[in-house]
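Some structures are shown below for you to check.
In the two assemblies presented below, chain A is common to both, partnered first by chain B and then by chain C.
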Partner chain A sequence: MKVVTNQLWDKFSIEFLRNQVLKNAYGNDDTVIAKIDPRTLLIWYVFFGVLPWFMHNPTLLLGLFIFVAVTTRLTKVAPLVLFLFCFGILTQSGYLLIVSWFFGGDLATLGPILIMTLKVAITSLASITVFSGLNPDRLASGLLWFGCPDQFAFSIAFAYRILPILMEEFQNILLSHRLRGKSPNSIGWRGKFRYLIYQVKIIMFSFLPLMLNIAKRSRTTVEALELRGYRYANQNKIIKKMKLRQLGMGTVDVYFAIVSIIWLWGCFLIV
Partner chain B sequence: MIKITDLHFTYPGAAIATLNGVDLEILQGEFIAIIGNNGSGKSTLCKTLNGLIPNFIVGEGSGSVTYNGEDLWKMPIGEIANCIGYVYQDFENQIVCPTVSEDAAFSCLNYGHEDYVKKGLDALVLCDLLDKKDDYIWQLSGGQLHLLALAGALALAPDVLILDEPIAQLDPAHATQMYETLKELNEVHGKTIIVIEHHSEYIAEYCHNAILLHEGRVLWKKDARSALRECQQLIDCHIFPPQITVAAQQIQQKSGWKQDQLLPTTIAEGKKFFEKMGILPDFKVRQEVMNSQLAIQLSNIDVQYRSVKGESKSLFTNFNLKIFAGDKIALIGSNGAGKTTLMKLLVGLLKPKSGTIMLNGTDVTALRAEQIAAHISLVYQNPEQMLIKESVRADIEFAMKERDIANYKQQAQALITLFQLDAIAESDGRLLSGGQMRRASLAIGIALEPPILLLDEPTANLDIATRQEIIRTLDLLKDTIETVVIATHDMQLVCEFANRIIVLADGEVIGDGPREVIFNNQAVRRQAGIEPPAIYQMAEQLGGSAYTIAEFVQAYQKELCV
Partner chain C sequence: MNKSMTQSQKLMVFVLSMSLYGLATLFTELIPSLQVGIVEFSIEYFIFIPIALAILFDPLSAALGAATGEIIFSEIMLGQFGGLGELEKFVTITIAIYLAGRLVRDPKNVKNIACIALLAVAIQQLMGATVDILKVQFAIEGFEAVPGLPESVFFTEGFACLNDIFFSGIFFSMIPTAYLVPRLHGKIEPLLGVKPRDRETQLSGVKLSPKVIGICIMAFIVGIAGEFLSEVGIAIIDWEASWAESGISIFMSMLLAGVIITALVIKFKRRQANLEVMYD
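Our next item is the complex of A and B:
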């Protein structure tokens, strides 16, 4: 039992989260999806994110679902993201079902709820494919191409750059609390509850020191960005063009588009 | 090349000027060190050269700074960046892109150089990082990160490079690599290099000239060797000259023995100097007795790390170690050898995949970190992360208060007095200087009087004067805390503090014993990249052994004074 709880605890550790975040962002840059041009993927995403909401045929939706499930599989997404996805889908449909029964629904409500769930699932999986499959820099360049402000595009890439540092800092501050503070005894249900409250409390207390430490660090970063010409580049259109020159569509993009279209067409044919 | 005349600068809101009439000339191709105690204006001076002052940091300034005759303060910051590169002391915050090649090319791209990719790669070649170009930055070690920060600045091909404490966080092997890189840039590529440096051994070895800055003024500019011979003046400014110079000066003073030769600054010079004295020093060998009561026992430990890509990596395989009560252990080894992992294991932050950890005879393998926190305490490398309350006093009191220790207030006060924190006890720890923050973190770490204390790099990132102060503070701990383990690169600290040295390499103990054993073992020294302190190397050259300046001087005193 002890071992099991330790393993469970391990899964919720910041270290694990940090690893999963990194894995999700950068651990899959050798997949097929990662080789596709970010612009192709973004267009693809708009299509697959919107289309399901205008379709009602379960077979068609199921076809789309299988397709995005395959693309998600191809991105080698981190297990934590998949877990969150399943958890989200199940709880959402579960609660809809319970609410509908509460208001006098019967088994017949199950059908529409399933269709609804399928639509949400398709959109979510398409998002996972695009946002996990692309590493943040490529995503940022893609967004930049579509005219998104540079500050926003840069902050996506930069957030991933400092996220690991941030999480490590947070982890260490939490540890300071845990090691020096006195955690309540976690025996029995009341103990477990007390322990949970305690955990939440120290997480809250850790935020202020975290913010202060980050503020201290960011001073250098801000100065360095200035020195390294970040602001200068922002005011210059030619440099933006140079940045985007590294994007390029290739055969992978063509294949990906063809496969997507054929699959969709096939689905429509079957229906 | 760079000419500074009567430069004054005051930060907004500051009562006194940080720069107070600096006059300085730096020539093309110079390799120059700026020395001075904390707060003497070194970093500020450098920031006036890279355009951050006055373009980005506003304040009151007067005087002139010219670069090849052009007024630097009138140039746009982008133009300055193409002439003068800057590497920060906290270099990791200077790196803004996730991959190595991108970060190296970042500035070139921003300033619109068409061939930015090539320029980035060229800079990586200069810094010997080309084989890492596709790596993500968190895969790099501290030393490599520092080289990357340098590459990022180098990519713009500036003629001048300014580095703020380039080796503060590096182990000796990487520090030497850093300076060799700088030397090559200077000699082969003709770059002018300006370093802010505390390590006088490196100044003696690599720099041509040195500038002493004191209270915002340049006291002098001399060639590096003669600069370091100004022992007394340097010590008055809280800068420590090379160990060999200090030892030679002390021997001269104590013996009254005069010789017209100049004080030595490097080992080669020292050899001539001491041999000329014609006295055979009497180096005594000290043998410490090992305590026999077991405090910690690690047996058959396996540890694995999750990696971002692919399989977990195994760091420790069948690892065994015994630590005895009363041990003062220095844990050494290059970056990534497993020092931090071992410390995490000991305090229970990391659980081994298999194996057992016994603490004072109890099996603590499965216990949570908070359950053993009262018996073993860890002081982090980064003291900011130990400061979780609004004031230093509250931080020291915190652990005792939580554990309902009755007279916690008095005990905290006693610690504050012991660590000389009275004047700053009520301020937020983050605003303190590096040394003060470190002292505070030590006081916090021992508040619960743990029988075992672990310290991760207690002297990293400190100037030498503060380092001496911390080493003295650690001496205070010797009586309070029974068993101490210090993970460190600082060989002076190792020599002055430890009675047992454990050398780690790739997750294995490759050397274990008193300093006499470890430093005499050439194979271990090579494998772990250990560079003994200069004073030891000096004594070694003279056919004896001494680990501290005091021991070295004593060896001569016996001969001279009696």
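Our next item is the complex of A and C:
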């Protein structure tokens, strides 16, 4: 456990995190999934996100799992995202399994837990496909088309834009904290623990100046938005239509829909 | 004198809360948890950020901003979007932060702030645990019949909930909020062009009325309902499965599906190869 913690801590740097997230958002515009219309993908996602919860047949679930695994492969997701997915799934199910053994569960308990894990895996992979495969601007306009509140659609596009600035700002504050303070000795088990606590504490303290800095920025942002008539534009149907003009379904969408339907149908037939 | 905030100031609070809490969730998502036996010292969330903002500014904007920020930064950006399940998190976080912001009367009263920050975590965790237990019950067929499973789910969820209330509640909500709010009060407001909040500040709707609580409960029920759609869905799947009986039709459709998939895979591969050549 300790070793794992340390390795994770070494890997974790703000630079790395920023690169991974941005690569995930903008680095895969050339994939097949990115060419699909966001609306098609969102409908597809709703289907794959809901359907597994109503199924209890392992073969059927396995079929769905293979399909979403293939689509995830096609999106070329960043390794960090895949790692987080695997880590989350394994720890959650493993923990539940171990505890259930304490309460007199046996190997028969493994089956239902595996099925549940499969369901969670299908929905998460489907979401990775859609939300990592699409670039944020397209995702936002797809959501807007479905009548999602424009504040949310705006937030998605905005979040990706502000992230590099936020990270940089945060890193600067963090570094100045480190320069001023003396970090504890990280030798030995207790030293490592103290070091971890120290790091978390610094991160938390850094939010005080960060809050002030970002407050300034968010005022600037909102004022710039207001100057361009953001709130009025949102209520205007003509402007919304102009915004959504870039969307269009093509042959890729048709192929994608056909493959999905046939695959599902095939799965049902096997069962 | 009108002391309530204008629409654009509310938008500022929303943007501020969204970006800060979003950034914080990006980190908490990645900081490893420390497990000592079954007690988990994990950093659930840096909820002190939106709670502090909700106390200092407009509670609803801060709450909605935080919930949105969490979904966008930690779920969508890291590809962990859990579908309708996120609705529950959105609703519980919003309710907890909103209530915290509404309950504090005076941002200078540190004791009051500390208690309410802890209370907000408790509210959020209790709602979350309820939904989680129901979710497992729904996902596993014949939940009660599986040996050891119901007890272990109740145990793990209940324990995790208490664990989080005390660990996250004290270290990541109570202490930091009590530390931050007095330091930010009067300093951060001018940056947004807002008057510092005090006892006389008019929030939209003066008191925490039964109506507000009723709306919160309703929203929570909607959040749960998002997770459990009716059992009709199960019936449809069963019906379709029994309908497929002809061996030839199965074989033919499988073959067709296989052919189409291979064709597509080849096509995709080729396109990818072309692109890679272009980039080289």
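Operating definition for what follows: the second predicted complex is superposed on the first by the 261 of 271 C-alpha atoms of A that agree within 3 Å, B and C clash if a C-alpha of one lies under 4 Å from a C-alpha of the other, contacts with A are read in each partner's own complex, and residues count from 1 in each chain.
Throughout what follows, a residue touches a chain if its C-beta (ideal position, glycine included) is under 8 Å from a C-beta of that chain, and two chains touch if they have at least 3 such contacts.
All figures in this text were calculated on a predicted structure; none of them were measured in a lab.
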{"item": "First, second, both or neither for A:158, with chain B first and chain C second", "value": "both"}
{"item": "Chain A: partner with more touched residues, chain B or chain C", "value": "C"}
{"item": "Chain B versus chain C as contact partner of A:102, first or second or both or neither", "value": "second"}
{"item": "A:26 touches, of chain B and chain C: first, second, both or neither?", "value": "first"}
{"item": "First (chain B), second (chain C), both or neither touched by A:226", "value": "both"}
{"item": "Partner chain(s) touched by A:212 [first = chain B, second = chain C, both, neither]", "value": "both"}
{"item": "Common interface residues of chain A - those touching chain B in one complex and chain C in the other", "value": "158, 160, 212, 216, 218-219, 221, 223, 225-226"}
{"item": "Chain C partner contacts - residues on chain A that touch it in the complex", "value": "1, 4-5, 8-9, 12, 17, 21, 24-25, 30, 32, 45-46, 49-51, 53-57, 60, 74, 77, 80-81, 84-85, 88, 95-96, 99-106, 108-109, 112-113, 115-116, 119, 123-124, 126-128, 130-132, 139, 151-152, 155-156, 158-160, 162-163, 166-167, 170, 193, 196, 200, 203-204, 207-208, 210-212, 214-216, 218-219, 221-223, 225-226, 231, 255, 258-259, 262-263, 265-266, 268-271"}
{"item": "Interface residues, chain B side, partner chain A - complex", "value": "50-52, 55-57, 77-78, 81, 86, 88, 90, 92-99, 102, 106-107, 109-112, 114, 116, 136-138, 152, 306, 308-309, 347, 349, 351, 366, 368-370, 373, 377-378, 380, 382, 384-388, 398-399, 402-403, 428, 430, 444, 447-448"}
{"item": "Parts of chain A lying in touch with chain B, wherever the complex brings them together", "value": "2-3, 6, 10, 15-16, 19, 22-23, 26-27, 135-137, 157-158, 160-161, 164-165, 169, 172-173, 175-183, 205-206, 209, 212-213, 216-221, 223-230, 232-233, 236, 238-239, 242-243"}
{"item": "Chain A-facing residues of chain C, complex", "value": "7-8, 11-12, 14-16, 18-20, 22-24, 26-27, 29-32, 34-35, 38, 43, 46, 48-49, 52-53, 68-69, 72-73, 75-85, 136, 138-143, 146-149, 151-153, 155-156, 172, 176, 180, 183-184, 187-188, 191-193, 229, 233-234, 236-237, 240-241, 244, 249-250, 253-254, 256-257, 260-261, 264, 268, 271, 275"}
